[in-house]
Every structure is written in C-alpha cells, then in structure tokens.
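For reference, chains read A, B, C and D in written order, and residue numbers begin at 1 within each chain.
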Amino acid sequence: MDFGFCLSPSSHVKMDSVDLTTFNRLKETNPDINTCIACGSCTATCTAGHFTEMSFRRILLMLQRGKEDEAKKMIQHCMLCGKCTLVCPRGINIRKILLDITR
Amino acid sequence: MNSQIFHPFVLPFVLGMAFVLTYCVVGLLRVIGQLPKDDRKKFWRSLVTPKTAWANVRDLVGDCLFHVKIWKRNPVLGYMHTAIAFGWFMIIVIGHVMLFTLKPLEGIELQGVERTLPNFYYPIFFKYFAEETLIFAILMDFFLLMIISGILIAVVKKIHSKIVGVKRIMHFGFADNLIRFALWTIFPFRLIAEKTNIMAFWWLYSIDLMVFMFMLPFTRYMHIPTEALFILLRHAGLKPREPRKGYALAQIYSCPSCGLCIDACPMSVNDKNSGNTSAYFMKRLRNGDREEAQRIAETCMQCGKCVAVCPVSIESCDIKMSQREAVPYTINSDHSYLGNVEPETKGNAKVLYFAGCMTQLTPKIMRAMKQIMEAAGEKYAFLDKDGGVCCGRPMLLSGKTAEAQAMMAKNTELIKQSGAKRLVLSCPICYKVFKEEYQLEGIEILHHTQYIDELIKRGKLKVDKNDVNYVYHDPCELGRAFGVYDEPREVIENIGHLRKAKSEKELSTCCGGSLGSFILTQQERDEITTNSVNDLIFNNPDEIVTACPLCLKTFARKSPVAVKDIAEVVANQLK
Amino acid sequence: MIIEGKQKIWADYQKDIPDDHYFYVRSCIRQAFWPGSEVTFLDITRNKLGKDFYENPYHTTCGGIAYHSDTIPQETAMTIIARQFALMHESGYENYVCSCITSFGCYTETLETWHEYPELEAKIRQYLWDSCKKEFAKPKYLAHASDLIYKFRFDIAKQMKFPLVNVKTGKPLKVVEHIGCHYSKMFPSKGFGGAEYPHVLVGMVEAWGGEVVDYPERRHCCGFGFRQYFVQANRGYSESNTYKKFESMEPYEPDLIITNCPGCPYFLDRWQYVIAEQTGKTYGKNGYGIPALTYEEVAGLVMGYDPWDLGLQMHQVAIEPLLEKMGIPYDPKKKYQGLNGKDLGQPMCPSCMKSV
Amino acid sequence: MKENILIIGGGAAGMEAATQLHKMGLNPIIVEKSEALGGHIAQWDRLFPAFHPAKDVVEKMLDQVKGIDVRLNTEVVDIHRDNNSFHAILSNNETIDAKAVILATGFDIFKAERKQEYGYGIYNNVMTSVELEKYFRTGKDERINHPKKIGFVHCVGARDVKVCNTYCSKVCCTTALKQACEIKEVFPDAEVYTFYMDLRMFGPGYEDLYLKTQKDFDVKCVRGRVCEVSEDMDGKLVIKAEDTLFGKPLKMTLDLLVLMCSMEKNKSIDAIQQKLGVGNNSDGFMQNKDMYLGMNDTAQDGVFVAGACTAPKSLPDTIGEARSVATQVYNYLKR
C-alpha cells in the first residue's frame, strides 16, 4: 500500500557494526593515521579542494565511520600534489595514506 | 712439462664454461625478445649508427675493462676493479695469443677434434700442457700478480672498508659470499699450481672456476657479461618500461652490487635506511622479491644521486618508476571537475608565471618574482595567482601516468589560452614535468633561475652586490635532472659572494622534502635534512640559497642560518 | 540496572498535589481517538474513589496544537489558557487537572513564563478582559490526569480484579512505559520522577503487578511531532521514530505499552500497522502487534471494566491476546457493537498484522 | 617571630604551605577534617602527564610536614577576628589563636548522579574517574570485568549550564587521556573511546601525552559529548553522541563508561568562610583579590587562599600557589 511516505533511514552511525578493515589495514603500515587532530589544514590547502569537496580530514573520519565508499569517491579528486603533507601539524604522511587507501 | 693434451681436471672448467655460455646466449635472446618492438628496432639501428657504435666501443673498453667512472670517484677502488677485471681479461687474451704461437709438442700429432679440443682449455691451463716462451711467462705472471693485488684490496675492503674510503658496503647472502670466495681463490690457486705443479692445485683451480661459472648467473657477478649488453642497449636510447623485463632486466643483471650508491644515497644518513638504497633495490628485483622492491621504490626520493655516482650508469630511478607503475590502483581518478576551471588571465602577456602548488605555500617567492618581473619591465601574467591546477608530476611520481594526463591537459589549455611565449616556473618539480612531458610547442619553458640570470645578463635587471656569503643548494630536479648549475651561481655572484658546499652540483644532497618518497617519515626526512644542511654550511656561509620552494620549506625546519629562495635574494638586491 | 539509584531519583522528584477537588479539562485528541479513557478516568475518580472532579461544559481546546504547529502566536495560546483558568475560578476550583500532555506542557510553560515575566501575565489579563470580559486566577495546583492515577495507584490496586500478570505463567506482564515528551522533558521538576527516569507510569505498572521494561530507546519520542505528522510528506520521519522504538524494545518481548499522552498511544498503535504494511514486520507474537494503551485503559482493565466499554476496539492493534494473558473475559461479538447494540461497522483487515 | 598560622585543609596546598611557613620560622597549624593528610591526591594512583606515582609525591610531602602541628579528624567550628588575630574553636573544643588564616580547603568531586542521563548509580557499568583511579590503585572494582569497549566522557559537571557549572575543570582532559592509556595497559585488546568537547592540553608534556594516547595506545578521541546512556538486555551500555567533526550522530555499545567528574567548590567550609567574610566568585569557588597579583589574598586582611579552593587546579598549580601563599603570609606578618 502506498501511504505517500516511507521510513526514513537512520542518520546514526552504528559504531558496533562499522567495518574497520581498511582503516586497520592502513593503521598497520601508517601508525600516524591515528594522530589526526582534525585541524583541517589539509583541507584548507588542498589543490583539488579548491575546486571540489576534497578533504583528507573527512576521508579519515569516513573510513572510521563506515563510509569507505564515500571516502574512495572523494579520493578520486586528489591530485597527489602533497601540499597536505607539508602543512600537517602532526606530520602525518598523508600522500602515502591516500595512495594506500586506493590499493 | 706435461706432454699430454688432456687431463680430467679440465672437466670442471669445461662444464662451467659450457653452462655459462649457454646461459648467456639464452639470456641475451630473452632480453632482446622482451624489448617492445620499436625499442628492438632502435637497438638494431643503434648498432650500425656510427655515432652510437663509436660510443659502444668507447664505453665497452672504458667501462667494462678500466672502469673509468670508478677511477674518477675513488682511485683505490678503480685500481682494484681494473686489476681484477683487466688483469683477468689480459691473461685470457694472452692465453689465446699463446695458443696461436704454440708449436706442436714433440711426439704429439694433433688431428681433427684433437686439434681443436685443447683450444677450449689450453689458454686456461696453459702451463700444465705446454711450455711458455719467456716473454709470455713474464706477462702472465705480471697480470696474475696484478689480479692478486686487486684481490688483496678487495679483502681489505671487506674487512675494513673505511681504509679504502667507503663507509658502507653491501651485505650479502651465502651464495654471493661463496662465489666471492671462489673468485678470490681462483688466482692464488693458479699461481701455486703453475709454480709447484701439484695436481691438487690444478684441480682446485679448475673446480674454483667451475663454481664461479655455475654460480655466476645467480649472483652479482652476472654483471660481467651483462654490462656489455647493457651498454649497447643504453646507447640505443631505451627507457625501462617494466621493472623486470627487457631493458630493465639487462640493468638488473648489470648491477655489480658495488654499493657505491649506498654512501651516495641521502637516506643512508640513517643506517637503518641503507637497505633502501638502489643497490639493494636491484638485488631485490634480481631475486624476484617484488614486495620489498615495491617498498624500496616507494621509499626512494627520486633525487637521482645514485644514478649520478653509478659506475655502470644504471638508471635505477627509472626502474623504480616502472616498478611504481606496475602496482594496480583500485580507484579511478576523476578529475572531470577541472573542465570548469577558468583561466585567471587572458591577454597580451609575453611571460606567463606559474608558481605551482609548492610555491603557493611559500608566497615570498611569488612576491619576489612579481617584484623582479616588474623591475625588469616585463609584460607578465600569473597563471595560478589564486591557486591553480597541479602540474601532474606528483601523480606521475606515484606511477599513475594516465591519471596525470587530465591535469597536464588542463594546464596546457590554460597556458595556450594565455598567448604567452615564455613560461617561467618557480618550482623545479613542475619544471621537470613541463620540460619532459608537456607538449608546448613554441613556448619556451624556463626556471626562474635561468630567467633571472638572463634578465641580469641582458641588463634588464639591475642588482646591487652586498657582502653576504651565500651557499647555493642545487635542487635535484633542476641540477641533476637538467644540469642547471651555472645560471644560479652566476646570479648569486652578481649579488654577493658564493661559497662552496661540501658536495654540490651532481653530488648535491637532496633536502629530504622530496615528493618522490611516499614512505619516509617526518623523522627520517628530518635526519636527511640535517645532514644536507651540514653539507651546505660546511664553509660557514651566512645564508643558504636554493631555487625550489620545497627545498626552502624543508631547510627552514632545520637550518641554523637563514634559508632563502634565489628570487627573494635577488628581489632584495634590486637597484 | 541498580534499582536503588532510580528510587533515589524518584524520591527527589515528587511533587506536592492535593488528592481531591479538581477542575478537569479534556484533551482534543483523546476525546476523538480514545473516548473511553476520559470517561473511565472520571468514573474511577468520582465513583470508585469518591473524589470531586468537576468538568465545565464551556471549556475548549488549550490551543496547544495550533501553538505547536506555528499557526497561532504564544499570546493567543496564553489567552485561551487564561480563559480556561477563568472558568475554573468561576466554578470555584483552585486545582486544575488536564487530560492532555500537550495541554499540561502549555499550562506549565504559561505559568512559568508568567512567573518570569509578570508584565506578560498582566497583558494576557487585559486580552482576556477585552475579548471575553472574564478574569482569571492562576490555579493553586496544576496536575496532569496521570499524576492523579499515579497518586491513587494503590487505591486502585486495592480494587484490582485482574493484575498485570500472565494468568497462564503466573509471571508479571512485561510493560513498556512511555511518557509524553511534554510531561516532564521541558520541566523535569513538574513530573513524577523527573525527565530521565519518570516514575508516573512505572509506579502504576508496579503497583498493579506488572514489570517495567527499560530498553535503550525508552527516552525516545513516539514520533508525533506536530509539524512532522501534519504534513504528509514528513510523516516518514514520524513513523521512523516509532520504528526506532519498536526495534529497540522488540528483544524484550513486551506484552503491553502504557502511555500518558494523547499522541503516543495513537502513533505507537497506528504506525505498527503502517510498518507492518510497508515492511511486513509485526512486533507482537504470532503476527500480532503490541497493544499501546492509555493509563486509564490499563487502570480500567485491572479494575475489571469491560474491554469494549473502555473503547479498546478503537485500537488498531488487536487487544485480545492481552485480554487472554490477563484472563479478562470478553465477548468477541460485542467488539464492534456500540451502545444499545448498534453495529459500529468493522474496519478493513490489514494485510500483515492480525486484527482479531 | 613564632606566630601561629591556621591552615584549614591538609591536602597538597595545606601541606606545602605549612612546610614553607615552618621553614620561615613560623608556626603553622594544619586542621584537617579527615583522618589523614594528603587530600584528594592521596587517593590517586598515578599523575599525568608522565604516569608518576602519586604516592611518591604524597610521601615526600608528608615527610616534610613532620614536626608541624597537625590536627586530624578536626574541623574549625567557629572563628572570629579580634583586631590582628583570629580565634578559632575546633571540633575537639580546642581554641587556637592565629595571626593569619590560610584557606586550603580544596575541592569536592562533582556528584555524577546529578547528570541523570549518564545513569551513574543506575546502570551497572557506569563509573567515575575517581573510582577508576581507585581501581588502578587497588586492582578491584566489580564493574570492571574484562571490558572490550570502554568510553570516557569528558566535562561531566563542567562547562554545563544544566548543572550550573559553566567553568572548565582544567585537569579532566589530561586525566581522561592518562586513564585511557592506563586502562589500555590493563586491557590491551579493549577499544577505548574518549568523548570530548575540546581537548585542553595546557601544560608541559600534556600534548605529548595526547599524541602517545593516539599513536601508542590507539585510543580513539571523538569530538562530541555523550548525551544519553541506556542499558541493553545484556546489561551493556548503549550510548549516543555526535561525532561533531564528522557531522553525524553515533550510537555504540560499551562495556564500561567512565565519567570524568569535574571539580566543584568544597562547600563544607561555607560557614567558616562566611564568618571570615570571604565571598565566592561566579563559579562558586572562593573569591580571591585578583587573579594576577592577588591570587592568594582575599577581601579580608590576614585571610589567605591557596590551591583548588579558588578554582580547579592541577597539582603543580596548587603547589606553586601554596609556596606563594607562604611568602604572602610572611610579608603580611612582617609589615
């Protein structure tokens, strides 16, 4: 029966069932992945971010909140120029992590 | 004197020789077979082109026998290698010459097979089978002793490398150690056998040769036959396409694992990283250890210093790039958004300035360039004043050749739209890709060092000389890649005094910031930077001048003296 | 769960209200959807407990629905409320009890606002005079009808015929309690037990022999939300909230939901049908739903009122399995008979959820 | 001069002030209501940022106060001023005449049950940071039973108008990270989350601790406050928070939830404080003269304050203040 409306999906991230395989794989080779303090410098300086929504800070969060597909979609815009790595105050090797995500 | 034509002790040698010859012929066919068609055509043509043919002969003698390049770097090692290689070559040659002068021995009739058979082993065991004339005997003994002197140096190098001026040597596994032991003992055994004629030593000598030849294809000594082929391929102007095939394969087997690149590599400042140098990379490839090879390829900063010091001229940077390209990526890049990027400038500028991503992080370079171009009265325009499109080199460095095309196409379009005839770049990273990969016919591509040098020489830019002592750091992608050594130095001499760095020009040490490496951590990079800074301040300069925004940013982290870009220094001295 | 911790909070959040002489006002929604509830409330208080609950025929809506759906300004709503208070005053009462949670929220909000801004009260006084020529007095005590059932819960228990116990197993029924958001979430001190662990319904369930289920989404709104429900395109949000609650309570296998708000039993009841139609899922046993009743209906059931007199046939979710669990006799034939045996007509059978 | 100085409170501030005054040749008298000196710090296991055993510090301080007049299990029940001296009556009926009074009464821990939505005292597996510290000290707590997932909630009772505490409690952020590392040491396989509003790593080595927490201990720091806790069928805790950096609400199940309770003013001194004429500031702590040059002075001559009675403070802050109050008292008596 069509009621003219339907159940809307929950906006909650269900942390109990989030698949962290990719993030944990990255963590093994890039222990600095944990040290992000979400300052957003990477996003602010991003060459691709000048034209798109590209944000490494968000990519890291997406991977930890079960939105791997969105993260990979975002990475498609990356130009790998490396400015993010140069500005990261925690010295995270961002380019390496971006590359590793694609493997 | 033994008046016989055969003794069983020659068998080990003959077997070994037969094996190694077969292996080499098969290997040769394999390498040539793996070359892409157009490369193969280039190769055949190069063999008959007089210019390359001459180069082939020159390098075959100069590199294979005398190793001129090692002599240049380190005469002791040069002698060591020449003594062994040339000495051994000579006793083989002399052995054969003696064969031609050999009179049939008394009472022996050589016929048919018997006549040709000894040709295979007579020169090697000559003294057992025939009598030497005095002059040859002296020559043979001379070269044999020369070889042994080389071996003595090798032994010293193995035990305490610093005596011969080498900090780090390669560490080998069992097979390499065994064949080295065989090599070192061949000649002393021969000497003893010849002088005492004890049968046991003739046996030992022959068995040593067999061991050496059977192990040769599986160890670094394969470089002896392969290098000759590599020289020919190199002169044909080929590029490695796949990390373990064709041309690259020839290079892999040509690497003698001499380890000269270990000391040269900027990463070796941390001993832990000396395993990430090109010598080990080539070894991993030879052993088929793909995973490690990939890791080393991605750790490498692509500074090119290993290539600069390599006595065999192995293009390890290119092979590492082909290794990077060999890794599949699961993500399709989507740079379609670049289609909406509008040019910032359209007009009648003659000079177009492209700062590049890195220079966006060092706005003082951009400001200095603006001052310089205005002072020179140039009609200029900025291509990326408010942030532009990446040049594509970082993407290329990651091995994603196809993905870089979108950015390169967009930049090409924007540059052509500007109508300018000269493109000035501040970043050597951009400069390299613009020079090598972009199709910008009719547009002159200059790095700002070259551009400023030209402005000063043409009198368009007037500068004051001050009393500051500068040292100039050669950025890898400007210096080693394009030989731009003189322009920046001439510019600096116009505005101050130039001091020498401890190592410079083609031996300049990477700043450590390179975009080439994906794996190096900040801490490892910092170690490299500190070492590089120490090289630069060796002669106590007041300021370090560089010509790359990335070097500038990197040095600024660790340098005890001021670090400036050449444009900035010039802008400060404008009249 | 540490029950002592809850008891401490319950002890902290007790409010002082008298147990007699109230001016009673009805709920717009409850009159329409659960007409038996208010009748039962008055019958229990007046006839079973002998209390004085006066109802004035001139009282109106409190204006809450219009207020919460942004169709009238607050001052208008306050003037309507002032008129209600005037009726109370004229009738000679000081204690005000309302049947509706939305109203309770509006009354509380109004009284608190007047307390903070006396000039606003004066303004409303003027508005009321201008429009109706009436004068009001603020109630001495304001209560919600469930507060009084809570207060009388042990008196009701004394007259109890069918406790909240499964007669077949002898075990207490598992009851989900759900308070209306406007009961205590706006002013925690105005509700029995406060906002986080309200006691008003828990107290009734425990007094009548049931066992309360505390499930993770207990605090969550039923999904009514005036603006969400009134616009058809937004009803999915409303339904999703109910869905979230049922998904969370499902593992506890509750027998019954008890509520004190007009909207909650309505949405917790009707959305079960919609969810069943859309997803094929039902939350009770054997294809039935979970009955969502008002506290008066539950009080009526335990006191032995006839289920059909309580108006339980007005629920979409079939009540029969619960009646059987509690051992309450009922005549299935009378389910759709009105007063005087008149046939009320039978609703269409849903395709998923059992209705009989 | 061998004048009496009355020090109310035998915690870190009181002990350190007494030590310094004693060295200056004065006669400090510590009145402590509990049965031992040491205050809150004596209940602590290890101190941030370097996991230094609290016992070491407390023992050193105790060592220093040997020979100083101490009244344990004693409270000041009345006090009044007579020109330049104070007459205090203690709960043991003793009378003390002192030339100056130092209020070093410290703080109380916020009562976690006041944040009802966190269910402290209602859900089995919710505990406070103080109780966790006790667990580290004694190894015993029945709530801690091989937890696989642990959450820490920052700012419980701080920066929260709903509990009338709008101030930052200063030390809880660092304590939370310290405890997160420690619980990870005990249960290396556990997943540990901290839910913070801001992470305030204000002192030397604190930021390093933060880095260590993330990198070496793999503690996940989520920016967002836990707003609701409930219990599921298995007695596990279901929490809701927003990951404000990601912009989405989170829901997760935890085995243990630790509430980082804030510091509140110690109200048991209110009556005496009133008699001395020392008021409170807007955060409810004692009002000092000013926060720069008069941090140890009050509106009343001869009445001084030190330590966490004026605001939430770390141990080094407190010791610093205790030392400075001694100088202030000394100068006051000399004038």
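Here is the rule we go by: a residue touches a chain if its C-beta (ideal position, glycine included) is under 8 Å from a C-beta of that chain, and two chains touch if they have at least 3 such contacts.
Model, not experiment: these values are computed from the prediction.
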Chain closest to the middle [Cα centroid of all protein chains]
A
Would you identify the chain whose Cα-based centre sits farthest away from the centre of subunit B?
C
Which integer distance in Å separates the CA centroid of subunit B from that of subunit D?
64
When the centre of a chain is set as the mean of its C-alpha atoms, what distance in Å lies between subunit A and subunit C?
47
Interchain centroid distance [CA atoms averaged], subunit A/subunit D, Å
39
Please compute the C-alpha centroid of subunit C, do the same for subunit D, then give the distance between them in whole Å.
46
Can you name every chain pair that touches?
A-B, A-C, A-D, C-D
Contact residues on subunit A for subunit D in the complex?
11-16, 27, 31-32, 34-35, 37-38, 57-58, 61-62, 64-65, 90
Touching subunit C in the complex, subunit D uses residues 113, 116-117, 119-124, 228, 230-233, 235, 238
Can you name the residues of subunit A that touch subunit C in the complex?
1, 3-8, 10
Subunit A-touching residues of subunit D, taken from the complex the two chains share:
199, 210-211, 214-215, 218, 220, 223, 240, 243, 245-246, 248-253
Subunit B to subunit A touching residues, read off their complex
298, 327-335, 337-338, 340-341, 357-358, 360-361, 387-390, 392, 394-395, 397-398, 400, 407, 513, 515, 518-523, 550, 553
